[in-house]
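Written below as structure tokens is the structure these notes are about.
The letters A, B, C, D and E name the chains in turn, as written, and every chain counts its residues from 1.
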Amino acid sequence: MIIANYIGAVLLMFLGLYTIIMKKHLIKIVMGMCLMDYGVNLLIVSIGFNPGGTAPIFTISELDPGAFFVDPVPQALTLTSIVIGACVMAMALSIVIKIKQKYKTLDAGRIRRLNG
Amino acid sequence: MIQHFPILSIMSLFLGSFLIVIFGGKNRFIRNSLAVLFSAIPLVLICCLIKPILIDGEIFSYWMGDWEPVSGFAIGIGLEVDALSLFFALLVVLTIFLAAVFSLKYMSRDDALDKYYTLFLMLGGGVLGLVLSGDLFNMYIMVEILTFASVALTAFRNWGKGSLEAAFKYLVVGSIGSAFILTGVILIYAQVHTLSLAQISALLATEGLTPATIFGFALLFAGYATKAYIVPFHPVAADAYMTAPSSISMVFSGMVNKAGIYGMIRLVYMVFQAMSQSAMQYIIVILGCLTMFIGVTMALSQHDFKRLLAFHSISQIGYVLTAVGLATALGISGGLYHALNHTLFKGLLFLCAGAVFYSVGSTDLDKLGGLAKKMPQTTIIFLIGAFSISGLPPFNGFMSKWMIYQAAYEKAALEGSFFYALVTIVGLLVSVLTLASFIKVTQSVFFGQLAPGCEKAKEVPFSMRWPMWLMAILCVLTGLFPGFVNRYLVVPASAAAIDTTGYIDAMMGAGYGQQLGLSPETALSLEYELTGYWDPIAWLVLFVVLLAGLMISLGLGKASRGPVRRPVPADPKYDTFFGGEASQHSHVGGSDLFWGLKHNLRHYFRFMHSMHSGVVNDYALWTVAGTAVIILFMILFL
Amino acid sequence: MFKKIIDNSMAKSPWIYHINTGSCNGCDIELVSVITPRYDAERMGFKLTGTPRHADIVVVSGPVTSQSKERLVRTLAQVPEPRVIVSLGSCPRPCNVFKGSYSVEGPLDKFCEVDVSVAGCTPKPEAIIDGLALAAQILKEKRRQK
Amino acid sequence: MQILLDLFYVLIFPGFLFCAVVGLLLAGIDRKIVARMQKRMGPPIVQPFYDFFKLLGKETIIPHAASRGVFIAAPLLGLVSLVVMALFIPVFGFTAFSGVADLIVILYLLTIPAAAIIVGGAASGSPYAGVGISREMVAIVAYELPLIIVLLTVGKKAALDGGITFSFTEIQAYQAEFGSMLSHWSMIPAAVAMLLVIPSEVGSHPFDVAEAETEICEGPLVEYSGSLLGIYKLNHAIKMFILTALFAALFLGGAGSGILIVDVLLLLLICTVVTILSMSLPHAISARLKVEKMFKFYWTLVTVLAVISLVLVWMGF
Amino acid sequence: MGLPFIKEAITQLFSKPSTEKYPLVKKEVSDGFRGKLVFHPELCINCGMCMRVCAPQAITRTIEKTEEGDRITMEFHMGSCTFCSMCADFCSKNSIELSKEYSMVVTNEDDLKVRGSFIKKAPPKKELSPEQLAKLKAAKAAKDGKAEEEFDSCPDA
């Protein structure tokens, strides 16, 4: 378990949240969401790491059930999480394009017709 | 064969959405029939499950791809259907079927309807999957699917006022919430190295809560709270319900926020079994009360029909949460009963809003007026919905609110803590404010003078009306026969919410709990004699009184006065009394009602108005701040 | 039996609606003074109501000016059926000193059939009470004819 | 047989006929006492009967702008709920229908007559009615808060085993055993708060902002005439009886003398005294309040009174 | 928020109400009261003063020729009268006076008209003796002559 991974993951998440909250430009907000997502993905991958373990692929000859290998489940979770992250980004960017067409601006401060 | 029904119902929804993508594009009839067919199948399948699960009390567990747990260690992804899951599943499939039938005609004026139905069925599949799944990460996947589909559906009418903006905000807050859920899931996984709910709760119960699991639990709780739109996370929901098409906002408020509530109930009662600690109860009840009060006060000062309904569904979710947070048997069943009632009458009200939008084209309270003369049936349905949401006795809102107050006040007395007495007072006050805001809508939209823009309004076609009538009748029935609904639906569900060992044994094989030294959970005593009030005799007598009252007044009147004359147009006798002036259009409605209340609470309303600023960053800030508070509270007190 | 109860209760609780068609307020003050403790018309069931819909007796005071003519006709039409119209003071019917002025639309009889007229330029409260009592009796007769 | 008994309960004794007669009598007494306080003779006690029968004899006009069905059904809705409420209120030990949690049922049944006036006014489609409705709803929100607190205080106080009770039978039993609620000093503020809530709930003079005949021409009832207006006036009168009987049941309960007739007479006496105290006196001495002044009055003074007694009861006094 | 009139309300509750029971007890009016008009036709000399003075022109006179003089009926329309009693003051023969009767409630308009009629006889035709007739004629002739002579004296017109 490498501490650097965790610090990196938490930092990425924090940076993502920071940009979402502080930045007024919509594209930057979408980037913030991306950052946060990748931070979480990094966290998931690094959770499953056992120091000294080998890749959990059974085709390699010397791997027998007793061998010590890295936990495969988080890797699977990360795959799905990356896919989901990609879809969300695609959706977000398409909405941003439509907002630009409709509101003629990308400044979050001026896109607030629904309030109160 | 009945074992496969849960997975079949989820798959039928997803299969339906994919088939519509393929075939739905060209031909309208195929698309409509596919949509209705694939929303009817899960309804039938889930109804078949009622007999074994709700009545006999079995718990179905279904391992995907037959990956049975090996030597007490769950590997595969499991579906777990116990009474609680089936209760929510029933809500989900009922709402989907009615919304599908309603949107056939309601959406007929829009284009690209095959994409609409694809997203619609995907949304249904996501929520049904969340409710039935017994695996933590699988619940996260389903949450992502439903968030994805609801964002797309909110932005479906992108020519509408603010729908794109609402979709974007919904997506930002939704993805922050999902990120928290995912982090929570992975923190729990790091601790117990399994994802199946049953095994997690068993292991956590034996090993006890370490700081990492508490942090994970807090993140999961906050994540599901954003999905249920509790107070700090609610403005996004108000925008989304307002701009989405009404059949979709009915689905949103009928089942999407119920999914969030289901997630929280499952987490708090089953997985972490934290409800025994009073600190946990305090935070849920505080959040619930805040949601109740802020939801209804914001609804009072709205100018748009659907935004008002949106804030009401937020406040009703506050009711459900408060009731569930009481952790007494009566509390949980009151909360679940209110969730059922809420789905019924809130769905009904959104359908009425849709009907008004369909026939008049706008839902702005200040522009509408006097629709009762043009749309009599919608008015009656709306009155049934309004009376049942404000909890007037013969309707269903009354029963569940009554159980909630009884539970809250009994808890206040048993624990001697004044806090729960305040909760009861806030609950009763919010119920009156709900009545106030629905009187506002009744006066500004349906009664009063006919607004200039509404002359051409006419009754909505039958295919939209029969789902509304069905829900109205369901509203009245669940209000009249609470004993029946309680015994077969609500009590088994609330018992299942508490009975963790049954859940674990069903999932992981019998006796799994005992090996780990888990004492079988004693189900809280659920027998309470409440329904002495509404037995059918009382109902028969009430009906007789109504008849007698009618006869006396009309009979007396008939004997001694002229017939109730049909209004003759020319005769000024039947004009409205304007103090002598000719009766011109002057409609009191929309925002000029409740002046006294708004004047006295004007500082509060001004503050609340500024808090809902509409800027994405503020909403994100509220989400993160809310999560931080929850995490801090959990770490300090759990 | 029931109709008899309704008929004589008609005389016992006549509700008044007051229309001021341009009067100098002399009669208005006298009419309202009828409900003060000294003359107390309420002991005979009289009550001032806010809308013509609730009224049985319509008391009209003041010459029917052109401005108030149209409003008078509309309000009188809105009073439910067994109703009695009382003209108070000498203005409504023969239009007192305002007779022949450009803005006076002439006697009240042109717009409705007046049942009781209480004379006096500001009739005394006692006279008004007599007038209203007579109107109540007429109300009963009208009710009985139906 | 049970149905016949129930029918008797509903139509005759605590039900429609009894309530109507007593209600109208109380209204007559109220008008007479107010008149006497203003040094005038005042109408005969049976004046409300005359008013009611006269209104039945009048023609019922249904204006164009009104939606017929709701316009006619609204007064009946109010009447039915008032009669059902009368079944719940105990008369010193005798109660027609007793369920487990009566206080909450009463609380919600009390909102139906007000909702009936509101829906009736809305259905009549007149702008005066619109303003009347908005005021009526503000009045409901105003007096509901102290009423809730008072009912919860009584619920807490009357519980024998330290828990809580919402059922009238237990409240009566408590009062029979420990003496009426008024005798406990901690309940005095709650009683005063209840006395102040009754006039606003009935809609009697200083708090009748909704049916202000001088300002907004009788508010929601502006378009009503004939028998429908008669039913609304009957509702107004029955509500007087119901609320004073509720006050008697909550604060002056206890085991009656056992004989039903004596109990009923005792209840009528108490109802008259409470009517005079809570409705006639304010009517005679103060002018009608403005809407927001009334709201502020209820949410500050009366609520504080109710909260005082709630806190005292919670501390076990 | 003090209770403004609570003391008065309580005391008045137990004191006698100050309502006059009008219909049962007739109210007598102070003597200067200007009530319903009373007309004494025999005093009237048909000078028409009251008609000229009456602001609302409530007084009308009808004259019909009869053999022994012309019958004059004066009609005072009490419905239109403002009870200012100008007519009573200006009537030199005070044939009009306002009584103390205040309750003038009628269903049809005519009961409000106070009528009084009298016959104003033409002055008697005296039979003049022949010499009185001649004296009269001579005086008239002398008066005519003087008048013409005056005309002549005026300078050329």
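One rule holds for everything that comes next: a contact is a pair of C-beta atoms (placed from the backbone, for glycine too) under 8 Å apart; a residue touches a chain by one contact, two chains touch by 3 or more.
As the structure is a computational prediction, the values presented were derived from the model and not from experiment.
J.: Using the contact definition stated above, find the chains touching both subunit B and subunit E.
T.: Of all the chains present, those in contact with both subunit B and subunit E are C, D.
J.: Counting C-beta pairs in contact, which chain pair has more, C-E or B-C?
T.: Counting C-beta pairs in contact for C-E and B-C gives the edge to C-E.
J.: Looking at C-alpha means, what's the farthest chain from subunit E?
T.: Centre of mass proxy via C-alpha means gives A as farthest from subunit E.
J.: When you average C-alpha coordinates per chain, which one falls nearest the overall C-alpha average? Tell me, please.
T.: Chain nearest the centroid of all protein C-alpha atoms: D.
J.: If you average the CA atoms of subunit A and of subunit D, how many Å lie between those two points?
T.: 62
J.: If you average the CA atoms of subunit A and of subunit B, how far apart do the two points sit, in angstrom?
T.: For subunit A versus subunit B, the centre distance works out to 30 Å.
J.: Would you mind pulling out the distance in Å between where the CA atoms of subunit B average out and where those of subunit D do?
T.: About 35 Å separates the centre of subunit B from that of subunit D.
J.: Quick check: what residues of subunit C touch more than one other chain, meaning two or more?
T.: Expected reply: 6, 37-38, 40, 43, 51, 53, 78, 81.
J.: For subunit B, what residues touch not just one other chain but two or more?
T.: 556, 560-562, 573, 575, 577
J.: Please set out, as single numbers or ranges, the residues of subunit D touching at least two other chains.
T.: 35, 38-42, 56-61, 128, 217, 222-223, 226
J.: Of all possible chain pairs, which ones touch?
T.: Every touching chain pair, ordered by label, is A-B, B-C, B-D, C-D, C-E, D-E.
J.: Using the touch definition up top, name the residues of subunit C that touch subunit D in the complex.
T.: Subunit C residues touching subunit D: 5-7, 9-10, 12-14, 36-38, 40, 42-45, 48-51, 53-54, 56, 78, 80-82, 143.
J.: Can you list the residues on subunit E that touch subunit D in the complex?
T.: The touching residues are 1, 3-6, 9-10, 12-13, 15, 17-19, 21.
J.: Which of the residues in subunit A end up touching subunit B in this complex?
T.: These residues of subunit A touch subunit B: 13, 16-17, 20-24, 26, 29, 33, 36-37, 40, 43-44, 47, 71, 73-74, 77, 80-81, 84, 87-88, 91-92, 95-96, 98-99, 102-103, 108-109, 111-116.
J.: Provide the residue numbers of subunit D that touch subunit B in the complex, in ascending order.
T.: Those residues of subunit D that touch subunit B are 2-3, 6-7, 9-11, 15-16, 56-65, 67, 69-70, 75-76, 79-81, 83-84, 97-101, 104-105, 107-109, 111-112, 115, 118-119, 122-131, 133-135, 137-138, 140-142, 144-145, 148-149, 152, 155-156, 159, 162-164, 166, 209, 217, 222-223, 226-228, 230-231, 290-292, 294-296, 299, 310-311, 314.
J.: In their shared complex, at which residues does subunit B touch subunit C?
T.: 556, 559-562, 571-573, 575, 577, 580-582
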